[in-house]
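Next come the structures, one after another.
Each of the next two complexes has subunit A plus one other chain: subunit B in the first, subunit C in the second.
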Partner chain A sequence: MIKINSKKLAKFLGLKAVRLMILLIAIAAISFIMIQLSPIDPVRAYLGQRIVSQEQLAIMGEYWGTNLSLGERVMGWLSTLASGSMGFSLIYRVPVTEVIVQKFTASLTLMVSSWIISGIFGFLLGVLAGAKEGTWIDKVIKTYCYILQSSPTFWIGLVLLMVFSVYLGWFPIGLSVPIGQLSDTVTFWQWLHRLILPAFTLSIVEIASLTMYTRDKLINVKKSDYFLFAQARGESFWGIIKNHGIRNILIPAITIQFMSFNELFGGTILVEQVFAYPGIGQATVAAGLRSDVPLLLGIVLISTIFVFAGNLIADIIYQYVDPRLRGEDDD
Partner chain B sequence: MEKLLEVNNLSISFTQYVQGLNRHDLKVISDLSLDIGESEIVAVLGSSGSGKSLLAHTILGILPYNAHVTGDVKFKGEILDQEKKEKIRGKEICLIPQSVNFLDPLMKVSQQAIGECSDDNEFKEKKLKQREVFTKYGLDESVDDLYPFELSGGMARKVLLSTALLNDPDLLIADEPTPGLDSKSVEETIQDIKKLKEQGKGVLLITHEIDVALKTADKIAIFYSGYVIEINKVENFLNSENLLHPYTKALVDALPYNGFKLTEGVQPLEEVSGCPYYENCPICSYKCANNKPELIEHDGAMIRCFNFNKVISDDSVSEELVDDVSEESVSEELVVDVSEEVNDEEANDGA
Partner chain C sequence: MTEAPWYNKGLFSSLNLRQKTLLTIGLTGLVLFVIFICGWMIDANLPTDFTMKMQAPSFLHPFGTDWMGRDMFTRTIKGLSLSIVIGIGASIISSIIATILAFVASVNKWFDEFVSWLIDLFASIPHILLIMMISIALGKGAFGVIMAVAFSHWVNLTRVLRAEVLQINTSEYVALSNRLGRSKLWIAKEHILPLVLSQIFVGTLLVFPHAIMHEASVTFLGFGLSPHEPAIGIILSESMSYLAMGAWWLAFFPGLALLIVVLLFDIIGDNLKRLLDPGEANN
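Right after this comes the complex of A and B.
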């Protein structure tokens, strides 16, 4: 079984943690500077539609620190972050951390379910297409992938919504809970019923890239010497695909699936918008449109951590599951 | 004695598309015939990259789909079609591959040697057999759990050999079993293959190393530009006088311990209308330019040449036909191809 060298792993994770810190500081600073340089005026955004006098505006500005230099403002932002606070959301009127925790959990179910669906189906379709390379099955799967990969997520979402919700009426049109019901009282089935269509939409696009990747990897395996030798030894075709093919493409496929966290996050924003699903994606759009600077910056940071986590897991899998890399410097 | 394997007039070509839609048939093996009996080692000797391995692939039925095959392969007197090949490969005919690349990099070697099993009982049975064969080749239990990349060169070779022997086949095909091995490992490989012969097995040895062929085989088939031009007993290779084909003679004479006679010339890459050796041949005649000699039997050997038993005289060698080769050089030394064998021989000698 998998032997894990705990000392090596600790060193590896330590290095990764340092890297994450550097990355977060850089991202926090850069995104803050970009917001500062953008036309968004935080004082105006805070006040919203309220009418105030010039004097009051000046006092507000001083309170918010608009008279400070850019460098001072960046340092101020970073030191507040270091104290664990991400500020106060202007639209939700609660601390940013709270908004993110609530919205992110809602999105996480959506992302995880679509991630698992796309992982399983993408891999299976890829194996099928790769094994049957050149046949009509392969061509159908390939065409399907090309179409999906070249069509935007929100458009697929709209089409599915039209077909399944409007014409067929199988699924609700949007929202994660039925209208007029408190989220605490929602049953599991109601919740699942509303999750299916968005999760399906999100996974559909992911399937395409994973399928093409898996297919390509399997075709490479089929060209390998060990595949030829397995044939020469009289193993059956599907036996070889199972014993040697899947064994050799599973690690890269899982890795690529973890590395697709960024696409997953980007896809969520669009899908949640189309399905009016109240998750982190909708919060992002709202924060952007309504100049909620603290929330926007908070989401930037949390998405950084999310994508970093995906890549980290992919790295760990490569380093510790593949026997060729696992034992390398163990001696 | 019934022949274990008979290959008759085997030709393999590939359909290629060159420059758009122009179809082109690339002939790799032409009119190959040879046979192997029980307790016999037959070497097919040819330069690397000449398509010798395809012979092995044909016998095992693992050619790529665009290969076109004519001629037939018989095993124990029965013609092998694809279905039959699939049935007996890995059981009665086994391949000893050339390198560790032929093993799945992510599977433990014992598991690979055992191969596909339908149920637990079969697995247990094969596991015992695998242990037995591994022990016989000096591979202890710690080797079982290694991955192919963890094997040393010598170990890998023994594992590959054990893999082939697990099902106790009658015929083994060793495809380039010695590339890149040190001389000690080469010697061991030769001994291992010879032992198989003592156990009554037939071996088809495909190699480009003339030294290995000479030390191992009973018969050597010389592969030149896709044709087998001569099949002769290994004893006859000691002296080029006993050989029939001018190329074979030249090849043997080019060996370091036979005088190192070397002359320029390459194997034709394109299909030629006459004898493939015509361009470089010292004994060619008008007939050779446009007619292909058949592989015929002569004194227990097989030879593909019109003029092998004619005395070299000035009459038979036409000046116009032998381009770039002066009469003097023709009469004094043979035209030898600069081929892999020679280079390998040099390399081995240096090492």
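Right after this comes the complex of A and C.
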């Protein structure tokens, strides 16, 4: 049974919350300043190709505060943020929070499914390669990982798209909804049909690092004294791997998987772009290319929280779930 | 003792690891150099020939031709050499940043805390998003991309160097040097820098593959190099429009070539790391 020292956990979480607040304020300020330094003129970006007179431009500039100093603007952005508003998206014409909630839930299915698939298969492949170290199975798995670690995510997506959608015709080329249909009339199967290829791409890319990590850990375990002793007792090979290997490497592997949220988010942006999957990644690219500054800043903050959450869970698992570490502090 | 990787086996099994490592470094370096020189000599304005457009790969055009009849092989080589230049620029700048920060961290406790905080800060924004932001802030184009990639890849090397510098700082000869009245700057220059130089060198090479891949990724998304530049990212994002027509060679070969270049740099970096690690070098 997992017994958690609630007082210590509360202190730990409190400290983490303070850290997150400081981090978010710093990132909000820095990213805001970065955007302000860019040559993009917000008034021009908002108006697009429309022609307006010089006076109207000045009025808009004053309304939006482009004539204020940088310091005043940063403080203004932070205080609005503190009141819970992230502003108004220029592309989607709705509050930024609404866009993010909607797009993020669409992406979450993609991210969660590929995270779980890559976690399970990455771990199994790593155990297999580590247990069979030096054999052809190990070499095949290692070569696969080497190649995948050096290949750009979006190119893997393009190749899969060419093979499965264009050549074999099994999956549609893009979009999460068939053309000419409203998003709420889509059946579950249609939706799943369009999710498979992006999720698959993201999974096979994410597998590589976890597999290599698990493999190295298992090889270390195999060199240990207790492993040798278990062999001397005459236990079966896979029995030892199960009882001594997997038990020792499962927690570090799960921790690593939680710490991969950073790459997961980056991969999602690329995969969504390739498969035209309308989620947070497409919104990010659109916001960046069409200078939708409020939305872009909102996404930066949300992704920071996302990555932070992954690292926090990894920390908690590391400190509280591992029986050896827990035992030392509880007494 | 770890086992030599697959690329160090086979043909040259009579050589020892050091010789084999040097040989692989030499060969892969040569390949990359040839790609770079070829790309540099190719004129950016390739001849267009509309009678030859959208040709599948053949002996005349090993990678096929694009929608304007340009030879894809030439375009790919040109793109790769541009990637190599950007990779070199970005990795050198990022290791300079890492070195400076590692030394700043060694000044006192507060500076150390600050650098650690900075590392946390940069590690908590997804890489691609950070590169996009910096690229937008500096204006798109080669300069923006080099800076963006450099400013997002110093984190790992800084972590390594910081630990290394901290360790050297506790050694007796540094304490002795301090007592003899040498300034901190002198100690950093004469005692610490020579010892971490090999780390910096390997670190620079290891950043390289990531730099190239991230450059291609942001360019693919439309934030990196401008569309008229012959980058791999541009070629691949262009190819998206022709995929449905079955023009698979437009995306397949340029991406594969990029993969090979990244893999070659990985091999050089990996082998150099083995060579400079005294525990492994003489196996």
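The rule we apply is simple: the second predicted complex is superposed on the first by the 331 of 331 C-alpha atoms of A that agree within 3 Å, B and C clash if a C-alpha of one lies under 4 Å from a C-alpha of the other, contacts with A are read in each partner's own complex, and residues count from 1 in each chain.
Note that in this section a residue touches a chain if its C-beta (ideal position, glycine included) is under 8 Å from a C-beta of that chain, and two chains touch if they have at least 3 such contacts.
Keep in mind that this is a model prediction, so the values were computed, not measured.
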Which superposed partner A:Ile204 touches (first subunit B, second subunit C, both, neither): neither
Which superposed partner A:Gly234 touches (first subunit B, second subunit C, both, neither): first
Partner chain in contact with A:Arg247 - subunit B first, subunit C second, else both or neither: first
First (subunit B), second (subunit C), both or neither touched by A:Tyr226: first
Touching partner for A:Ile302 - first (subunit B), second (subunit C), both, neither: neither
Partner chain in contact with A:Leu312 - subunit B first, subunit C second, else both or neither: neither
If touched residues of subunit A are counted for subunit B and for subunit C, the larger one: C
Common interface residues of subunit A - those touching subunit B in one complex and subunit C in the other: none
Footprint of subunit A on subunit B - complex, ascending: 57, 60, 62, 86-91, 94-95, 97, 99, 101-107, 115-116, 147, 149-150, 163
Contact set on subunit A toward subunit B in their complex: 224-226, 228-236, 239, 243-244, 247-248, 251, 322-324, 327
Subunit C-facing residues of subunit A, complex: 23, 26-27, 30-31, 34-35, 37-40, 134, 139, 142-143, 146-147, 149-155, 158-159, 161-162, 166-167, 173, 262-263, 265-266, 269-270, 273-274, 284-285, 288-289, 296, 299-300, 303-304, 307-308, 311
Residues of subunit C that touch subunit A when the two form their complex: 3, 5-6, 120-121, 123-129, 132-134, 136-139, 209, 213, 216-217, 220-223, 236, 239-240, 243-244, 246, 248, 251-252, 255, 258-259, 262-263, 266
